[in-house]
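Scroll down for the structure; my scribbles are underneath it.
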C-alpha cells in the first residue's frame, strides 16, 4: 500500500517549483494517496518480459536538414515577456548556480 | 585553519600516499548552421534574442525536430573514438528548473547514448620516456545548450550579489555533444599531464573531423574534471569532485593538480571529501565549492515523447566511417616517417599543440624542419608571453610559409624574419607588406655592402690588421660591425666574403 | 430578433453552408454574423467561449466573399464558421489553455492546425472553454468557470473539450476543433449528442498544440454529423515536418468512407470489458440498440475480449501526469504568462513557485505532483516504467482484436452528462469517465464517438475504434449508422435538444 506523507508532498512541490499553502498540503496528501493506490494496480500485471512502449507508432529517424529558417524577431520573442530590458528577458535574481 | 584558504598538500607528497582516479567530461558545441531542434542560426555575436523561435524559446505548443547534420556529427565522433554506434536509441528529458533553460528540461540522452564503449590512446612524457595510456570512452551523446544570463547589480557580474538577471536565448538549443571517459585509475603522478593531453588529443580529433571550432576560450569546447583520491592500496575509490569552468588546456592540468592537493589535505586532517561540484578560479589557481544543494538533483529522466528514436543503419554508419579523415594518431605515425622525426621531437610538437599548424605550413610550401623551427621557437615564445595557445595566435601557416620562403630566397635573414613575424602578430599585415613598410629587406646591393665593408675596415684598423696577418677568426668582429651599421639587414655571409676579399690572404 | 433565414443559418450543416456560400445563396459574412449574433445572445448561459473574435471572424469571412467575387476557387469548407479549443496557439489572439497562468497571453505564432484552417478559408469564430491544460472530464477545471451542457444547463458538457462540443450542440458553430488525450473529444461529444473524432496518433500535427501528454495528445474534428466531421478531418490532417511524430503518409480517405453508408460484411467487435458495473443501464441500452442496427445493416457483430483494457485507466493516470509534470515546467514566469511576487524581495526560484502556486488550479497541481512522484528515482520502475509496459499489452490486445474484427465498439463513456459539481471533489470518480476512451490514446488508434440515442432525455454516444491508420473505417461505420438511425428516428438526434 503506497503511502505518501505530507512531507513527501511538500518535497515534491519543491521539486516541481509550486508554492503550496498549508491548506493545500493538508488536502493533497490524502487525495494523492487514494489516487496512488488506484494507479498502483499497474503493478498487478505480470510484465517482466514485456518491453515498455514510449512511442505509439514505430516511426524512426525523423530529421530535418541543417538549414537556417526564419524565426521570431526580437520584438516578437519578447512580446509575451513579463519584463524585458535591452533586448533580453529580465528575471529576478537567481540564487542557484547552473547545474 | 581558515575555511576560505584550504590547506594544500604538496603534490609529490600527496602522490606518495594517495592514488588518484581521473574522469573527464567534455562538451563540444557543434558548428552546424542551425540549432539542434530548430532552424535558428547558430552564429556567435548576434543581438540578443534575434536567433530564436517558438521551439528554442520553449513557447507553449512548440516541438523539437532533430538536426540531421548533428546526428552525422555525433556518429563520426563516436567512430573516431572507436565507439560502438547504437542501432537504436532515444532521447530523454532531463528535468530541472533554471531561467536559462527555456523548457525547464534539457533534451539529452540518458541510458541510451548513440555512441559508447570506445577508447583514446594518449601519449605523455614520463620518467621512462614517452608512454601511451589508453583512456576508455564511456559514451558520447547528443544534447542541447542553454541560454545565457547576464547577472546585473553584483560586484563582479557573477551570480552572488546580483539584483536581477537578463537572459538571452540565442545560445539555447545549439547542438552539444557530451563525451564522457570511463574512470582512469593507476596513473599515479601523471594524472594532470594525462588529463591535459587527453583534452588536447580529443580537441585535435574534433578539429580534424571539422565538426566544431573547438575553441576552449570561446566555449565551443568545455571540460569538466572529475578527481578522487584514496589511500594507496585502498580497495575502494574515494569520493570524487567535479570541477567546472576549466577554460584552457593549462587550466585542466592545474585544476587536477590542485584538487589532488586539496583533497589530500582534507583526508590528512581526518575529514572526508565532499562529493560536490566545484569551480576553477583562474586567477587564484584554486577550486571553490559551488553552492551546496540539500540533496542530489533527481532529474526524473524519461524518454522524450516528441522525438522518435534514431536508428542508424549499418550501411549509413559505414558510409560515415568512410568520411573520417586521417585521424591525428595515424597522421603522426606517418609524419614520424616522412619527416624523419624522433618520438621526442613529435612529442614536443604535440605538447605545443603545433602538429596541425606545422602540417599546414608544410602544405603551404615550407620544409618541415623550418616550419617546426618557427612554430616551436619564435611563435611558441610569443604564445607563452601572451598566455595564449599557438592556434590562437594571429598568424597563419601560410604566412609562416611565406616568411620561410623569403629567408630561403635570401631576401630575409633570421633576425629580420623574426621582426617580420612580430609585425604579423601585431596586425601590420602580410609578410611582404611588412617587409616593404618597415624596410626590412636584406641589403644585397653590392655597392652599398661594399661601402659598409670599407667603412668598417676603416673604422677598425686594429682588427683589420689582425685579419691581414692571417687571424681569419677576427673577421667575425668586423662582420658584426657591418651588421650593426646596416641595422642587421646585411647578408652576413656575403659581408664575410667581401671582408676576406679585401683583407684575406691572396688565393 | 433574428429573422428566419438567420435562424436557419445556424441550424445548417457545414456542407450546406459551404454550398450556399459557393452558390451565392448567402455570403460568408452573413453566415459568420448569424453565428456571432447567436453567441452574443445565448453564450452568456452556456459559456462555451473564452474569447470571441468578432473582428477577425468577419474579416476572414469578408475575404472569402472577396475571393468568391473574384472567381477564385474556394475549398470545400470555405466560409464555414468554426469554434477552436483554446489549447491551440493563434497568433495575436488570446490563448489560455483554460488557465490563469496564461491569462492574456497572445502567442507570436499560429499552430499548424490553425494554418490549415486559415488556408482552407474556414472562419474561426473564437476560442472555446476547456478544462485547464486539457485535464479533466467536465470542463469544471477551467480557471474561467465551467461550460453548461445545452441539453441541460445544470449538467456538465464533458471535458476537457466541453466548450467545443457545447458550441456545436448550441448551434454557435457547425464545426469545432478539440483535442483528445484520454477522451477529451469523444466524451464531450457523447454527452452533448455530437460527433467527435480522435484521429490516429500523429495524424494531425501537434505543432502549436499546448502540450498535455505529448505521447497521447491529438487534435481532432468535431461536428454535428459524420460527413461534416470527415470534411474537417481532411482539412486538418496530414504530415507536418515541424512535428517529428507526425505521420508521413496520405490522409485516410475519410470523406469517401463517410459517404458510403453501407457496412455489409464488416466485422464488428463489442468490447466485453466495457460493460457491467459502473455503466448506467440507459447508456448500455442505447448502445445495445445501436449495435443491433449495425447487425441489421449487414455487419457481423461478435464479442471481443481485451483483458488488459482494465489496466488502461491506472496506466494512463501514471503516464499522463508524468508527461504533464515535464510539459508544464515551462510555465515559470520567466518568458511569458503570469508573474507573481516580483517585488524586488523574491528570487527567481521563489517567483517561479509563487506564480505556479497562484496560476495553476488544483487538478493541475495534483497531476504535476503525482507525475513528479512517478518519475522520481526509486519509484520510476514501479510506476512509470510499469505503466509503459501496460501500454504494450494494450497495443497487443488491440492488434489481436483487429485480427478478428475490422472495428471495435463500446459505450463512449459509462454515464450520461452528470450534474455540475457532482464529481468535482472526487478526482477518482471523475477519472472513471475516461474508462472506455483511454485505451485508444495509449495505443494510438483512431476512435470516435457518434450520438446513438437518449437515456432519460440525455444523449448517449457509441464509441467506434479502428486500427492505427484506418481512420476511414470509423467514418464508414459511423456514416452508415448515423444514416440508419436518423432514418428510423425521422430526424437527427440533436433536434431533440432544448431550443436555446
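Read from first to last, the chains carry the letters A, B and C; within each, the first residue is number 1.
In the analysis below, a contact is a pair of C-beta atoms (placed from the backbone, for glycine too) under 8 Å apart; a residue touches a chain by one contact, two chains touch by 3 or more.
The structure displayed is predicted, hence computed values, not measured ones.
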| item | value |
| --- | --- |
| Chain closest to the assembly centre - both centres taken as Cα means | A |
| Furthest chain, CA centroid comparison against subunit B | C |
| Contact-richer chain pair [A-B vs B-C] | A-B |
| Whole-Å gap between the CA centroids of subunit A and subunit C | 24 |
| Gap in Å, rounded to a whole number, between the CA centres of subunit B and subunit A | 39 |
| Averaged-CA centre spacing for the pair subunit C and subunit B, given as whole angstrom | 57 |
| Multi-partner residues of subunit A (at least 2 other chains) | 15, 17, 54-55, 59, 62, 64, 72, 77, 80, 89, 91-96 |
| Junction residues of subunit C, two or more chains touched | 105, 107-109, 215, 241, 244-245, 325, 329, 332, 334-336, 344, 348-349, 352, 372, 376 |
| Subunit B: positions in contact with at least two other chains | 54, 57, 59, 65-66, 97, 99, 163, 165, 167, 298, 302, 305, 307-308 |
| Footprint of subunit B on subunit C - complex, ascending | 88-89, 95, 97, 102, 105, 107-109, 111, 206-211, 213-215, 241-245, 322-323, 325-326, 329-332, 334-336, 344, 348-349, 352, 372, 375-377, 380, 384 |
| Of subunit A, residues touching subunit C in the complex | 4, 8-9, 12-21, 24, 28, 31-32, 34-36, 38-45, 47, 50-57, 59, 62, 64, 72, 76-77, 79-83, 89, 91-96 |
| Residue numbers on subunit A that touch subunit B, as the complex places them | 15, 17, 54-55, 59-74, 77-78, 80, 85-99 |
| Contacting residues of subunit B [partner subunit A, same complex] | 32-34, 38-41, 47-54, 56-57, 59, 65-71, 88, 90, 96-100, 146, 149-151, 153, 159, 162-169, 277, 290-291, 293, 297-298, 302-303, 305, 307-312 |
| Touch list for subunit C against partner subunit A, complex | 105-109, 200-202, 215-216, 241, 244-245, 247-248, 308, 311, 313-315, 317-318, 325, 329, 332-339, 342, 344, 346-354, 356-358, 360, 362, 365-366, 368-370, 372-374, 376, 382-383, 385-393, 395, 427-428, 431, 442-444, 468 |
